[in-house]
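Here the chain labels run A, B, C, D and E in written order, and each chain numbers its own residues starting at 1.
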Amino acid sequence: MSINNEFRPKIVAFCCNWCSYAGADLAGSSRLAYPADVKIIRVPCSCRVNPMFILRAFEKGADGVILCGCHPGDCHYSTGNYYARRRMTLLFSMLDYMGVENGRTRVEWVSAAEGVKFSTTMNEFVEKIRSLGENVRLGDLRCKN
Amino acid sequence: MKRIALENLPKLYAAIAEKQSLILPVKKAGQTNFGLWTEEADVDLATLKTVKSAKDAFFPQSETLYTCQRDGKTLSLQPEKLEEEPFVVFGIKGCDVRGIQILDKVFLSEPVDSFYCARRKHGIIVSLACAAPEESCFCKVFGIDCAEPEGDVVTWIAEGYLYWKAATEKGEALTAQVADLLEDADTAAVDAQKAAIAAIVEKLPYANLSLEGWNGKVLNEKFNSPLWEQLYKPCLACGTCTFVCPTCQCYDIKDYNTGNGVQRYRCWDSCMYSDFTMMAHGNNRTSQLQRFRQRFMHKLVYFPANNDGAYSCVGCGRCVEKCPSHLNIVKVIKAFEKEGK
Amino acid sequence: MQELKNRAIELLENGTVARVLGWKIGENTYDPEPAFFDSVEAMKDFVYNNFCAANLSKYMIEASKLEGKTLVCLKPCDSYSFNQLVSDHRVDREKAYIIGVGCKGKLSIEQIKKSGVKGILSVTDSDPIQVETLYGNKELPYTAGMLSRCFSCKGKEHVVYDELIGESAETSTVDRFDEVRRIEAMTPEEKFAFFQAELSKCIRCNACRNVCPACNCRKCVFDGNKFDSAQKANVDSFEEKMFHIIRAFHVAGRCTDCGECSRVCPQGIPLHLFNRKFIKDINTLYGEYQAGADPEAKGPLTSFTTEDAEPSIVSKGGIV
Amino acid sequence: MQRIGVFVCHCGSNIAATVDVKKVVEMVLLEPGVVHAEDYQYMCSEAGQAKIGAAIADKKLTGIVVCSCSPRMHEATFRKCAERYGLNPYMVEIANIREHCSWIHKDMQEATEKAVILARAAIAKVNLNAPLQAGESRVTKRALVIGGGIAGIQTALDIADAGYEVDIVEKTPSIGGRMSQLDKTFPTLDCSACILTPKMVDAAGHPNINIYTYSEVEKVSGFVGDFTVDIRKKARSVDATKCTGCGVCQEKCPSKKTPSEFNRGLGNRSAIYTPFAQAIPNVPVIDREACLKFKTGKCGVCEKVCQAGAIDYAQQDEIITEKYGAIVVATGFDTIKLDQYDEYAYNQSKDVITSLELERIMNAAGPTKGHLERLSDGKAPKEIVFVQCVGSRCSDDRGKPYCSKICCMYTAKHAMLIRDKYPDVNVTVFYIDVRTPGKNFDEFYRRAVEEYGVNYIKGQVGKVAPQPDGSLLVQASDLLDNKQIKMKADMVVLATAIEPNQGVRNIATMLTASIDTNNFLTEAHPKLRPVESPTAGVFLSGVCQGPKDIPETVAQAGAAAVKVIGLLAKDKLTTNPCTAKPDELLCNGCGNCAKVCPYGAITYEVRQVNDHGIREDRRLANVNSALCQGCGACTVTCPSGAMDLQGFSNRQLIAEVDAICR
Amino acid sequence: MSHQNNQAEMIKEISGVNPYKCMKCGKCTATCPAFDEMDIKPHQFVSYVQSGNVQALAESKSLWKCLSCFACVERCPRDVQPGRIIDAARQIVVRQRGGNYLTADEIPALLDEELPQQLLVSAYRRYKR
């Protein structure tokens, strides 16, 4: 999507309910701005995020996907983010292996207290995606029109 | 009879492609399939059998039928345009030409399939005679002469030349388009090749496969044979045989959600798949045995029953080569033969 | 072969097993098909030659539901798949009588044809391979007909069996991760072009999935509607990527690297390159892991350590 | 197709100032399934909820989307509202257009567009929602308090007084905690032991309280109302049922060279010891590391002298498994290590001490019997320097970024006590800020300055250098006079930062309670739920949640107790219905979901299924919905997609993805 | 004023220091070995930059009295690093003079027996970056 020729990426952020979604809330209540390109989907835990959701987002036109969860060791469900960490590491590695720009995916651990980190991370990520430009390697052409 | 030196073929392709799109065997990542000609395309006429048949040119593996566009709560419907431009399919072997004729029986009989019909109307078939049939070929069984295929234009590759013979009006028109590149020729080289091929075809292992006992009238007898119980066992239920087959014509219709609407498309289906003919109430073939049987019964019994005895198999041998479990129609025919039908 | 056949007949006759899962002689030496034999009489068509490449372990899913034991012939690499199926609770070890059969590298007719042989009338499974064709006779070294997977063989040891018949040979000559490394070394553009070219050939026949002993779901996600992912068509290049990434992901940690996916692909797509990438990454990050070596082992994706690498490792030079 | 109503909240101007709420209403009305949309000043208000109720009735709504603040704030409110008006509470979805939109964006057009997209995602999700029914689970009427300091003791007493049984688990041999180490307490200068000891005795004697000292929590499973906890009761080597607490064993023990933990290593204790005289229980433990009997096999003096025959060298650790309905964490604090602060010469000079060490020195039962003296030479100091904020408010990794909160007050206390008892001693306090909010706190500090002549200098100490004559050269700044001060001191006292106790991270992991980067346990809400952990059934008491002084700790302990009592007073709890659910026709029975389930909620059984006419026995996953907490780990592990999570189903999440990407 | 602001910005840029992190504890001043020689004290460097009064800093004696020993940098609890601020102020002054720069490689050739060791150490600390 572009407005006035400026590239406005579509970014999906999966946030776990207990830490990162709360971190995003804190960023909000602290008025720590980040671009509106980021849209958050609440999931109970980072381990709920199926690689298929991430690929699906790219298919449907997302330019970047970020997954945020509790810091390792702090998972509300004690171990969920450890599984998420392995899954995402392997998935990202595979995407990289297939020639998809590796900056399009990211995992960041953001606690409920880290509003600043949430906002900084999102600012960085949007900047990165803007520098990478539109996602052409994983999109489905049918969704472009 | 006309001819063109093989080294000038790129010029011929370019000349054809100038007026219409040209589809021909192209090698990509080590495999040869029919594909659109471009300057960069690695045209491969040496491979006898493309992995997929030429069926895609007229009946693509998937094609959009119409698109629903959503704007707020209103929907607009946009039918997919039918083929309006001429195109040339070059290098189709005799078996695949017959395959298209079999598809015609399905799609051009009432109710006519408008998408297929439009492509048939605008497609020009330039066939290519086989120069070196292989062990899996058994087109002869179905009365196909691979040395003299049908088509709008028929071509042969012999002694450094591509020989060219227009066989229909469409063919004549195409010949006129590229007349500058063709020279007149006698038929000696082609005749010699035909004779050689005839001799080789006789020696092919499956050349004399007998179809005795396979016709539209043996439905119950074949259907109820206990042989299927053994035959289907190694089947993996993949769609390889179906998708490489020039005559398989089953398709499924599906919707793709584009976010702002729906694209309704159809795509090849395979009777080997567990969701083949799945309906709201469930599936009428619940076991792989039933699905496996369906494929062969369709080709050798149901189809002939509805089409004046014509089998829905052309003996191209692709399934023989590609089945991961080494199952194929030949083994099925032979198994029944061995059991005394 | 005869020893194997005799032993199978003996076990059928004495009632140890109710049926034999092996290979049935084909139209020619090179096309034997997997088959069940439930009588001594049927065993006349039993064959075991160097073209018997199919991994029979997956057929044991259905055989496990039948009355009595099934004698199954497993090559060394198939035995890993069998173990993995046991740990996935998809086959019952008690329902199998495993004869570990010898393997000296399997031949494939496709491979032989790649060396330019056409119109094959007959072929031997000997070393060298003798080929009789419509266009003359030829002799080929054994390795010219060998499946590429056999050049990075897991070894000649069976990890599970009841008895062993026949000699095996180590046929490994190359490091199985060499091809993966070659791709890893490419630029993103080259990688993308490589996979785009390979995957654009995919016809969604599902042969890779259906043959895979690790893809043992009763119903695949790509056949169901849970993820709105049931597509049959190669409509756009994305779907093939989605399918192949997820297929490899779902078997990551369970794939034994048996190589059946690449063997059966009608379009010759090197599908094992996806699985091997996951295996290589798992080995590098989480320690050497061979699926199926130990049916009691906890898989790398169902376990973790608190010190695992962060996903950002991928953008920091990748997993090498 | 659902009949969806969308309710857009202005939140006063919090949302409406940045998001064009009318536009949002207009846009969502174009979405399929939306049959009603309206905006209102405060959707969460009585009147706002009434509007929702009216729309449910008038428009026959089957699903609701509220575009408002975070679901963490008001999801429960709107669910209750829906239920009140006859709609299943789980047919409500929230689009967070405040925290995630209006508060972080300035441009109205941009924020409005985003709000519409967030609303669409919620609409897409609610379209696929299904009514869910909350289940019930029982409540075990017993509480566990981890930590036996003042926080734990007070919490336990309050719970016990309400009639519920409480167990206290204390790591050390006695309850009492940090407070028992203190000499006096501010702002009243009460003797710490005088006010703590009665509480300890009360706890020990309370019929509803059971104390496990020298014990640690080993394993926790279960969930709110129904925790199962393994407690390791470490071998004391003394039979508590026989011991009379006479203390002879400690007197006679030949191994007396172990630094006393209670005295912060400033004095020694015997190998068999009670940490301090008022210890509860008054039963010694044998430190097996120090005991000659355990080290060499010879000795056995204590056994010989014990008339009660209580010594039991063969005693083993014991694991006690108990069930609890609620758990309170009261693990307290320690001072940070000063190894990285070379500039204060803490490791170089015995005369540089921490404030907690000073407490022991000042205490009559301490290593110097309460005499203020230099530990290096035993001389009475004439010049004492106090350094504030040592390791507190520090942004590098040597210290802690937070204010330790208690230092200003205890330093004033120390300064005052010293000046009171030893009027000839000069006391200088170097401070950055003096922070004394609290009842009678600032007055306390002013007394130190005005009545006791303590010299407060604004400026930090840069360096403490031990001198050859045994004195300490203190180099500091005086920011008000813009001077650099170099002064000699006989003793330097460091107001060392405090940090949560070492083991708390491990405990948090066992409890699945979230913890911040400073190892303080996170509260469920910083303002509205300050004594609850986000993990249901886990409560926080004392410094484990954040720095606080004794009055605050006691207040929080009481608050935590009230929350526990409120929980234990219920007979049943409703459980979260957003649990995993397997589709039996897709399940492979492969066992991977159970491997990743942190709650052991998944088991397998062989059942007959009817798969489109095929009847067969299959091994299938079963989810115990009382145990399942709904994390979703199993759903991703399941390759066939058989396992799905209610309320966050695959299709729902995909619908959200699609709506956002469209 | 705007010129002053520009200079303050430049100091922040060169030094990488955020003066607003300062909590005014004075530990830098307490630590400084050159305190007595200075007219503007280390803790004041920070407030001068905060208030944009760079000119006064540039004209101060302190500018040239700072030894760049970086004790203040080492001890600062807030990572404000006054030493880097004064360092940056010097850079600005040197630049205004159309200053000449040395590369680290050039230094050994210019070594003088008489040079204080402290100066060399601080020079290397600066130029190693």
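The criterion applied here is as follows: contacts are C-beta pairs under 8 Å (C-beta built on N, C-alpha and C of every residue); 3 or more make two chains touch, one makes a residue touch a chain.
Only a predicted model underlies this, so the values are computations on that prediction, with no experimental measurement involved.
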Chain labels contacting chain A and also chain B: C, D
Chain whose Cα mean lies nearest the overall Cα mean: A
Chain centre separation (chain B, chain D; CA means) in Å: 71
Geometric centre distance via CA averages, chain E-chain A, whole Å: 41
Between chain D and chain A, distance of the C-alpha-averaged centres to the nearest whole Å: 29
Mean-CA-position distance for chain C and chain A (Å): 36
Shared interface positions of chain D, touching two or more other chains: 596, 637, 650, 654, 658, 661-662
Set of chain A residues in contact with two or more other chains: 50-52, 56, 60-61, 73, 79, 83, 87, 142-143
All chain pairs that touch each other: A-B, A-C, A-D, B-C, B-D, C-D, D-E
Touching residues on chain C, where the partner in the complex is chain D: 65, 87-90, 216-221, 224, 226-228, 250-251, 298-299, 301-303
Residues of chain E touching chain D in the complex: 21, 23-32, 35-36, 41, 43-44, 71, 75-79
Chain D-touching residues of chain A, taken from the complex the two chains share: 10, 12, 17-19, 21-22, 24-29, 31-34, 36, 39-45, 47-53, 56-57, 60-62, 70-71, 73-80, 83, 87, 111-114, 119, 143
Contact set on chain A toward chain C in their complex: 50-52, 55-56, 58-59, 72-73, 79, 82-83, 85-103, 105-107, 137-142
Chain C-touching residues of chain B, taken from the complex the two chains share: 28-31, 33, 48, 51-52, 61-62, 132-135, 200, 203-205, 230, 233-234, 236-240, 242-244, 252, 254, 256-257, 265, 267-270, 273-275, 321-322, 324-327, 330-331, 334
